[in-house]
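Order of writing sets the labels: A, B, C and D. Residues in every chain begin at 1.
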Amino acid sequence: MLQELKEKTLEANLDLVRRGLVLYTFGNASGIDRESGLVVIKPSGVDYDALRPEHMVVCDLDGNIREGDLRPSSDLKTHLELYRAFPSVGGVVHTHSENATAWAQSGREIPALGTTHADYFHGPVPCTRELTDEEINGDYVLNTGYAITERFKGIDPLAVPAVLVAGHAPFAWGRDPMDAAHNAVVLEAVAKMAFMTVLLNSTAGVSQALLDRHYFRKHGANATYGQR
Amino acid sequence: MLQELKEKTLEANLDLVRRGLVLYTFGNASGIDRESGLVVIKPSGVDYDALRPEHMVVCDLDGNIREGDLRPSSDLKTHLELYRAFPSVGGVVHTHSENATAWAQSGREIPALGTTHADYFHGPVPCTRELTDEEINGDYVLNTGYAITERFKGIDPLAVPAVLVAGHAPFAWGRDPMDAAHNAVVLEAVAKMAFMTVLLNSTAGVSQALLDRHYFRKHGANATYGQR
Amino acid sequence: MLQELKEKTLEANLDLVRRGLVLYTFGNASGIDRESGLVVIKPSGVDYDALRPEHMVVCDLDGNIREGDLRPSSDLKTHLELYRAFPSVGGVVHTHSENATAWAQSGREIPALGTTHADYFHGPVPCTRELTDEEINGDYVLNTGYAITERFKGIDPLAVPAVLVAGHAPFAWGRDPMDAAHNAVVLEAVAKMAFMTVLLNSTAGVSQALLDRHYFRKHGANATYGQR
Amino acid sequence: MLQELKEKTLEANLDLVRRGLVLYTFGNASGIDRESGLVVIKPSGVDYDALRPEHMVVCDLDGNIREGDLRPSSDLKTHLELYRAFPSVGGVVHTHSENATAWAQSGREIPALGTTHADYFHGPVPCTRELTDEEINGDYVLNTGYAITERFKGIDPLAVPAVLVAGHAPFAWGRDPMDAAHNAVVLEAVAKMAFMTVLLNSTAGVSQALLDRHYFRKHGANATYGQR
């Protein structure tokens, strides 16, 4: 069942580790097969060394397990809410990567400070509001997803493929699991450079024209980057 | 004598090195066999490359050497005081890991700034008071232990499994030596992110509700994380 | 055609990756054969693992492709403007290396804060002005080159072999592609140390005499460094 | 001639590279044979990969080359002044390691902020005054040595085995070349932690009693650290 998606989802999970975004098991990647509406996600708390495609958990968009003996990632409901609210998204990752998490903990969005940012994120990387005590004590993981999708009202999720959850850490997404992992890696680099930049100049920022130019150099019908 | 505990204690010592928490010999891990009341600890100043289980030193809770030809870690008396005061603790580690040590040197506790912290530490990671000159000139290593246990009055040591010794460096502990090492590794990551967070926002912090939610997601009877 | 220059240009591109200056494909190096006026440059968006000398693109100083099936680096026109304006330059590299990029994003030049800087850069590493919206919406990559060469009026490009493009990232250059890559690596180290230095002392700086002494120790007719 | 000292001096040079203190050829280590008064030092600007014991340059304390076809390190005269002024010193190293260099560039001494520092440096790591233009334009490398030994009037060089040269970088020394390299490595770690500490708490510092306790735990007749 969904063998190829399982392999790609596993590969995205392992890529996060190889690139230093994940300590122990503090991360997870998932992918969705839009045709069947089924989501493939990493099991919870399993060592990456031991992960095989057949360990991936398959569930539907309501969270009903359809295949797999292991419990899914404890962040499953956040992933599902993102898939439900963002139909263009094919993969989601969550990490506690150090620099992006520092921004999330500070409760500050990452402003667009340069073209590395603009190549991937067409505007600031938003930070959610803090959850209320009721939301935390209720269906917390799902409410985390709601806080994200609420924050993205009016924002195209593929134009800004990441978010900071206040007091928590980032989520990133993309067309498929590897694209989501790629965006998470770039987010971490962008967050690191932004940290240094705001210490050097607290009012730094780029113009909308530069933001547009770089974003559309890599995205959309008129993209000129790479070999397409 | 205590062969398995020696191997686990050695493994915890080596894990600290592999994960970059220890420069040269600036660290040590120990374990206790609660049944016999015997403690296994790394010898002092021996290269990690050459360490074998049989080099581990065995002593009782009063510090009497029961086995081993080498001198125990110079921090032994601090370890012993922690084992005496914290009956739930089965392993103790001490490192000079860079970020946690910077916080210890600053004399500041690490506030709970996010869920990575909350997953492991149910409240700030406390910092001891400074030792008096009398304490330093007296039984210094033991007095370091007393300063820690004094600071933990009213705190469950397994709910906050680490401390910063002011002007010195961290100690971490856990159910066994590897768990203590694991907590030391997470402490270092948390300290690094906290450093960046307070530079980005000096008033950052999470709600008690979020702290509780994440802590009890991984700990206690209602834990939902992993495959248990 | 230009086989040796292709190999050296490839080697310079790979060196940037090996030394941690390039994430994914965020960098490019080129070289020029001054006799024929032909430029060799990395193709756009190709994985470094797969790069071979025969993938390098050859073009003239007006940007006409003379050999190669792949599209050249999207930054080609900036490289060409540097070659046209700086006749002494034989290689150009562009990276988004973290520390130099943070300075570029902050819009601040890197002041000469020590002898590591002075050994390579005979004065501050300049930062360009921001481009106007018209320049961004026009021939953006070429205009980036113009902003650099405008900023270098009165500066010998081989005496200050790097620049920060405001809101973007650094360019570095040298006598040949490997020399340019070498300067980019040193720039990154200098930028990292300068970041820490200005946080420790916002008014730090070295005297002109020290700047001269170190620069001319490694450069010019009276150089005494190395085995020449 | 001095084969063993050449091997140890080479090993110290290579250790600096392995531990990440040296970029390209920005570092050098030397050793002295006190009986003959001969100094062994790395040649200038030679790749570390190609360095062999027979490449080491031998000279006397006045700088007369006694063996070797290569030019000695351009910092030779600073090394020689340290050997002349500090008779207890058997090895000297110079690096541009990032954190210690940032402190040197800031012109600030590294205060004793914790026990890692106190284990190796019995007081702040001093920073020299800036050289005058006359000193820079005169016998610059020798004058750098004079600025160091002037700064160490009243300080036991083995009790504080390192210095920051203002606007330049650190020198460290020890009983032999490997001991000097070891002190340079610890200096870099101490400098990194001190940078973070002063950002967290600009008035941090340890008591003289703690400084004494830790220093004399590792040094002198009553040392208790390790297996001696």
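We take it that contacts are C-beta pairs under 8 Å (C-beta built on N, C-alpha and C of every residue); 3 or more make two chains touch, one makes a residue touch a chain.
Bear in mind that the values here come from a model prediction, so they are computed numbers and not experimental data.
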Rotation angle superposing chain A onto its copy chain C by C-alpha atoms, nearest 5 degrees: 90
Whole-Å gap separating chain A and chain B, where each centre is the average of the chain's CA atoms: 33
Geometric centre distance via CA averages, chain C-chain B, whole Å: 46
Touching two or more other chains - residue numbers and ranges from chain B: 199
Chain contact graph, described as a line, ring, star, complete graph or other shape: ring
Chain C-facing residues of chain D, complex: 23-26, 43-46, 70-71, 74, 96, 98-99, 101-108, 130-131, 133, 136-137, 140, 167-169, 195, 198-199
In the complex with chain C, residue positions of chain A that touch it: 113-116, 182, 185-186, 189, 192-194, 196-197, 199-201, 204, 206-207, 209-210, 212-213, 217, 224-227
